[in-house]
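Once you've had a glance at the structure underneath, I'll fire off some questions.
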Amino acid sequence: MDIERAHTPGYRESTWIDLLDLITAIGAGVWIPMKLGLLAFPLDFDIVVDFVFMVFAGFCAAYALCEYWRAVKRGVVVDRSVLWTRVLTDAAVALPLVTVAGLAGTYTEPFWCVKLLAIRHVVRFPQILSRLGMPHPALGRLFSLVIVVPLLVHWAATGWIMLDGGAETADLRLRYLHSVYWAITTLATVGYGDITPKTGPQMAYACGIMVVGVGFFGFVLGNVASLLARLDAAKVQHEEARDRVETFMRHHRVPHELRQRVRDYFSYLWETRWGYDGAAVLADLPPNLRADLSLSVNHGIIEKVPLLNGASPELIRELALELKPRIVVPGEEVFRHGVPGAEMYFILNGDVEIVTPDGQTLARLHGGDFFGEMALLTNKPRVATARAVGYCCLFALQRETFKSAVGRYPDFEAKVSAMARSRASGDTQAGQGQG
Amino acid sequence: MDIERAHTPGYRESTWIDLLDLITAIGAGVWIPMKLGLLAFPLDFDIVVDFVFMVFAGFCAAYALCEYWRAVKRGVVVDRSVLWTRVLTDAAVALPLVTVAGLAGTYTEPFWCVKLLAIRHVVRFPQILSRLGMPHPALGRLFSLVIVVPLLVHWAATGWIMLDGGAETADLRLRYLHSVYWAITTLATVGYGDITPKTGPQMAYACGIMVVGVGFFGFVLGNVASLLARLDAAKVQHEEARDRVETFMRHHRVPHELRQRVRDYFSYLWETRWGYDGAAVLADLPPNLRADLSLSVNHGIIEKVPLLNGASPELIRELALELKPRIVVPGEEVFRHGVPGAEMYFILNGDVEIVTPDGQTLARLHGGDFFGEMALLTNKPRVATARAVGYCCLFALQRETFKSAVGRYPDFEAKVSAMARSRASGDTQAGQGQG
Amino acid sequence: MDIERAHTPGYRESTWIDLLDLITAIGAGVWIPMKLGLLAFPLDFDIVVDFVFMVFAGFCAAYALCEYWRAVKRGVVVDRSVLWTRVLTDAAVALPLVTVAGLAGTYTEPFWCVKLLAIRHVVRFPQILSRLGMPHPALGRLFSLVIVVPLLVHWAATGWIMLDGGAETADLRLRYLHSVYWAITTLATVGYGDITPKTGPQMAYACGIMVVGVGFFGFVLGNVASLLARLDAAKVQHEEARDRVETFMRHHRVPHELRQRVRDYFSYLWETRWGYDGAAVLADLPPNLRADLSLSVNHGIIEKVPLLNGASPELIRELALELKPRIVVPGEEVFRHGVPGAEMYFILNGDVEIVTPDGQTLARLHGGDFFGEMALLTNKPRVATARAVGYCCLFALQRETFKSAVGRYPDFEAKVSAMARSRASGDTQAGQGQG
Amino acid sequence: MDIERAHTPGYRESTWIDLLDLITAIGAGVWIPMKLGLLAFPLDFDIVVDFVFMVFAGFCAAYALCEYWRAVKRGVVVDRSVLWTRVLTDAAVALPLVTVAGLAGTYTEPFWCVKLLAIRHVVRFPQILSRLGMPHPALGRLFSLVIVVPLLVHWAATGWIMLDGGAETADLRLRYLHSVYWAITTLATVGYGDITPKTGPQMAYACGIMVVGVGFFGFVLGNVASLLARLDAAKVQHEEARDRVETFMRHHRVPHELRQRVRDYFSYLWETRWGYDGAAVLADLPPNLRADLSLSVNHGIIEKVPLLNGASPELIRELALELKPRIVVPGEEVFRHGVPGAEMYFILNGDVEIVTPDGQTLARLHGGDFFGEMALLTNKPRVATARAVGYCCLFALQRETFKSAVGRYPDFEAKVSAMARSRASGDTQAGQGQG
């Protein structure tokens, strides 16, 4: 599989580069504003930090350059300008200009500002986090929002310190705390008013923070809320379907006993995890992946059905794509005697009774059993009625699918025929139905 | 029906366990933070509370264990890890560790913290409330949000007390009120500023409350708003349809008289409760439930039509699924003479005139009457025109449905034929139309 | 049409009752809290107000009773319990209990509270306003939200006065202003902190206002925002279509010249008001209303086409439903010579050139002209190409529609045939095309 | 193309008029409230400003008049009342009433207020900005919201100054800053409380600002947030598709290895920019524009395929519309030997192996190659299997499309046939597949 991986742009080997980007961005976001706001570190310390940036950003720049070169060589349709921008900005961050300026005795601040370029990786956080194996893409976005909020507060607080805010305390740590407290009070629009801007520049700064920051906070909150609401999309979809039916029932004043039966049905649907319809989801995927996903999802039923044990993997793969799930409510008839049938059924769980036209119960089937298999072999009408005892999860297999499978897998055809013959000859075993 | 209920996982008998969960969660949420914040209760009191927790949570743990065991035994596809987590946490809450620690003379606080695990039932509130018979699932979610807000305020307030907040008053009750007041002022972002954090820890605590709490409040408010907006989904749907048509009419400058007619139509639709289309809703349900719901909704028309009185329940059930509702506006023709017809109509309410080609009114029909029944028996064109006098709600019965019903219910066929013959022979009774 | 109106439940004659409900509700909402909060009016004044309520609410109750009786008599499917509730509450408001209690010398406050029931009409405001002729249902909802906000502020302010809030000023008017100011400061979460609760009850009241009121304010603001956003649904739909195409073009890096052409197309669409597709909207309406709306919308084209002038109203009504709008961009070919055609075209505006296969321009047609009519009469291929010069709005008429119209309206057939013959005979007039 | 442009209403030549409208509106919005609030400018200055307004608004009025006249003359379906309103309001703004009043020695304020009419162009900002060439319509709306916020703050601040707010400082600039600071504090609901209304009018003004302004701010923030969220619609759509699949996989507990493969597929889709489906977008456009867009988007593949180099532009245009994109995942079979084929494939990028039934690799194809061309010429089954090595982007060409193209472009047919013959004769070149 090495060849395939090599052909996938931006593949797994870049994971540690992603991590480096992440750390560099957060480091730059935290350190540089503090450096600019407090100005209280000796030169030696600056040089050490500069060196760390050089190493981290240098690696990233080098890697991006390699990727660019590989993309050019292989003619991949990746967006090259993006890679090019990354090479340039990472190189700018990596250059040890602060050390040079510091040793030369000039101001280092402008060169720190250049390093702020590293923060632009922030916009790639969701992508980086999802590549680092975040279980859910929405979680990645949520986490990157959660990282951005403290960064924003930090920047607002250091800016406040730069304008002599929090000067009421001499202790640097307390001053930082006071500034953070002011920043949060303002950004969250609480505005206690115990720390307020006094000078003109402070007022102007506060105005800017209020307009930009409040908007940003609203945006972040709105996103966090909608992300949280979407985290469990399966549940949301289930509840919407339920609300629709409830509204319908209330609107038409359906009696309470019937409402309760409908609610039971939805509870059952949710607890057995069958409520979430995958068909629409799978339609987006290429056939290969779709088959693998179907196989993975329907594996449970295939393991439980003795008839399928020992079948060839190709057959199982084919059936997994074709089995149609169906839920029957207590007392519902799966099929009725005398009606021509075109499907056989596998029981995932729940009980089904096979009843003769005169009301005699022939058999009671459980999870793992199958019934109605005669319909696949002959075109004759059903000879008995199948009725659900409680809630049942069934999988239906269409005759057409069966016929095409039978042609290619003669073993399976023989097995089903033998089973059908043995039942038809009157030998009704427990846990086996009549077709 | 016992068998069916036994096969439904998580069925009704667990209602009182749900209630126990609810009470335990709220009790733990209210009591433990207060205990930790105020520390002003004697040991005896603690032991009593501990005992109550032991009883409540013990029952819950035992029940969850039983359910787990039953699920394992019956091979139900319920999510077992969820049950297992419940058994463990409920058992941890039930253990009387506080009593042991109190009698041993050591700190009881850590053991109270363990009991906070009971609060995790909070996430199950919507589900519990809907099982306890909450009339609308959205109401359940609304109610659980409404429970969570005071809990959050309570926690914020007790935390504030722990950090010596509200120390300006000696009276414990007043101090709690002050703290709650501070918490709400902060969470709702009002921030009067009459009570503000003074010490470093208080400031840090206030920062945390502002960031987390404000986001949470926004989330709750957003949810409450969207829940309220969705409570009456039928109305929302009706208003959207109306807005669409209004926008269309304004965009194309439709004259006011015509706009008013369209508005009247929508008012009529809403007041007769016919505006909400159930077809899409019912499509989600299995056939059995769908038939019961249709029967329940269309029961009114069936009771009002004398022709159907005394019909067999099976026939009525079948017709309820097949009757198609139709609204006609004043002056609209239901059918026109000379055109071949394939439907008969039942009038739910409103008046319909049967008019001959030369403009003579043959009959005026009211709610409960039917007309156009000749179309079901013969293939001849309509011999008269049926025109609505005011707004009318009709139900249409297709010939195909009728034919299949007639085959199985010969009584009904005879009744309709007799009625048609008597009308066709010129004997036009009031309240009876011409086919 | 009197009969029809009488059959329409809740028809126009109730307009003044709606107005009465509106005034009573607002009056009760404004007056009673002020009365309860300030307690500064003499008994005579109370009796006058009580009398006004008696008259207003009495009328409403009597009307609702009549409506109820009529609904019962005619067997209309209107929701009777709603009417019944209205009768009871209006009667409770109408009873002059305040006068009785005042003259008897006991407290009148409880009886004022009973009159607060009149406020429940608030929930019917959107409906009332739309019946009073509000041009847009969303405007009605907007207006009722705008009414509710001052009511809420008023209630919060009078409650504050009841708890001795605003007691720093003796002047009653200033005290009310201070209370309103406090209420708005709190509800809008501004919370200056210049007026803050001091006593326990005030604090508790402020807490309640903050939790309930802030949620309500958020709800109202959210609704106002979404109502404003939806006010011009046609524009929203247009912009969404445009954004989709812009996103597509940016994603695929389409060159700027082509982007500009697409933008021009959308501008043209919007400025000619053709962008809003009515088909989906009209599908909700019954056939009668749909025909009237189509006729009204397409009236412009029918007036401009000389061919249709003098046609019978039935024909015009039929054509209005069948004309299919089509926009062609500059240089696009409406049809090409040699291809069999099945449509004729009417030009609403813009210019179309008729070009022979060898590139010679036969004619240049303008708004009001038609072309391609030969396709309706014979099945032969087009003998020329029709190409748009600038943007053009056309209406296409299908051959099938034409054939059916021709059968019923022989005058029209003769007119079109004559026109086609005169053109085919080589007599090409300016402003007339070749079929 | 001049004729076409002349026929497009509101075309490009009005760009500088749009700019004039923009400047006039912003100028009036900034200047007039300041003038009314501060009253501190000499008459000469007023006359100069009045003159500027006269020139700017005069030009706009004259232009709108011309447009109106042209629309009337050409009978365009543009909304004339809109143009008429523009003429009148621009003329009112242009009249030098302030100069007249100033020279006559009376109050100039009422005449400044008339000039506020110019602000109404604000509602046209999004449209103006999009015509001025804003790259994205959403950006235009965003920018106009961003312009409106400072205007609103400015108005609130000048109103505050008019009511003697900010009177604590004598310096006019500082007073303006204080007022702006108060306005932002209030509008953003921060409400520090260091500057609060003292007098009655100030309180009433603050109440108004709070109710209206807070609502407006919420509206603007909500819009900005949703605009930002929609800016990259392609990304949003991609993430939603991804979230759906992730939810499905988590819900059904799909194993991690398979989840990772699905994630890789989505990453590939996004990085190659193939994820955004244009079909729905293009369906809104007229055929002419649709063809041009398709050609522009698929240009890359056409340039890379040697077979198509030198083909006539008409053929390329036709093929661009018909090529169907398809992504294959590593190991997936594009087609299988023995199955009849109806498509040929062009490789955009990625590698495809042609394998014989006995597993021998015949060829390995790269970007720019094509394969499966035999299927277009004959109806025989595939003689080999084509399997993707890594991820591949292919374009499929249907036999029907090819046949119709071949009829009209014999050169192309000859080229493909020659290629197919040379391959079929066993001469398998590198980079060429077997059909």
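In order of appearance the chains are A, B, C and D, and numbering begins at 1 in each one.
By definition in this document, a residue touches a chain if its C-beta (ideal position, glycine included) is under 8 Å from a C-beta of that chain, and two chains touch if they have at least 3 such contacts.
Only a predicted model underlies this, so the values are computations on that prediction, with no experimental measurement involved.
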{"item": "Residue-number overlap at the subunit A/subunit B interface, same or different (half cut)", "value": "different"}
{"item": "Angular offset of subunit A relative to subunit D [C-alpha, multiple of 5 degrees]", "value": "90"}
{"item": "Listed pair (B-D, C-D or A-C) duplicating the B-C contact set, over half by residue number", "value": "C-D"}
{"item": "Chain whose Cα centroid lies at the greatest distance from that of subunit C", "value": "A"}
{"item": "Distance from subunit B to subunit A - Cα centre to Cα centre, in angstrom", "value": "28"}
{"item": "Distance between chain centroids, defined by C-alpha means - subunit A, subunit C (Å)", "value": "40"}
{"item": "Residue list for subunit B, restricted to those that touch at least two other chains", "value": "189-193, 222, 273"}
{"item": "Parts of subunit A lying in touch with subunit B, wherever the complex brings them together", "value": "149, 153, 174, 177-178, 180-181, 184-185, 188-194, 221-222, 224-225, 228-229, 239, 241-252, 254-255, 258, 261-265, 267-268, 271-273, 300, 327-332, 348-351, 367, 389-391, 393"}
{"item": "Residues of subunit B touching subunit A in the complex", "value": "1, 3-11, 75-79, 130-131, 135-138, 141, 186, 189-193, 196-197, 200, 203-204, 206-207, 210-211, 214-215, 218-219, 222-223, 230, 232-234, 273, 276, 278, 280-282, 284-289, 292-293, 296-297"}
{"item": "In the complex with subunit C, residue positions of subunit A that touch it", "value": "189-193"}
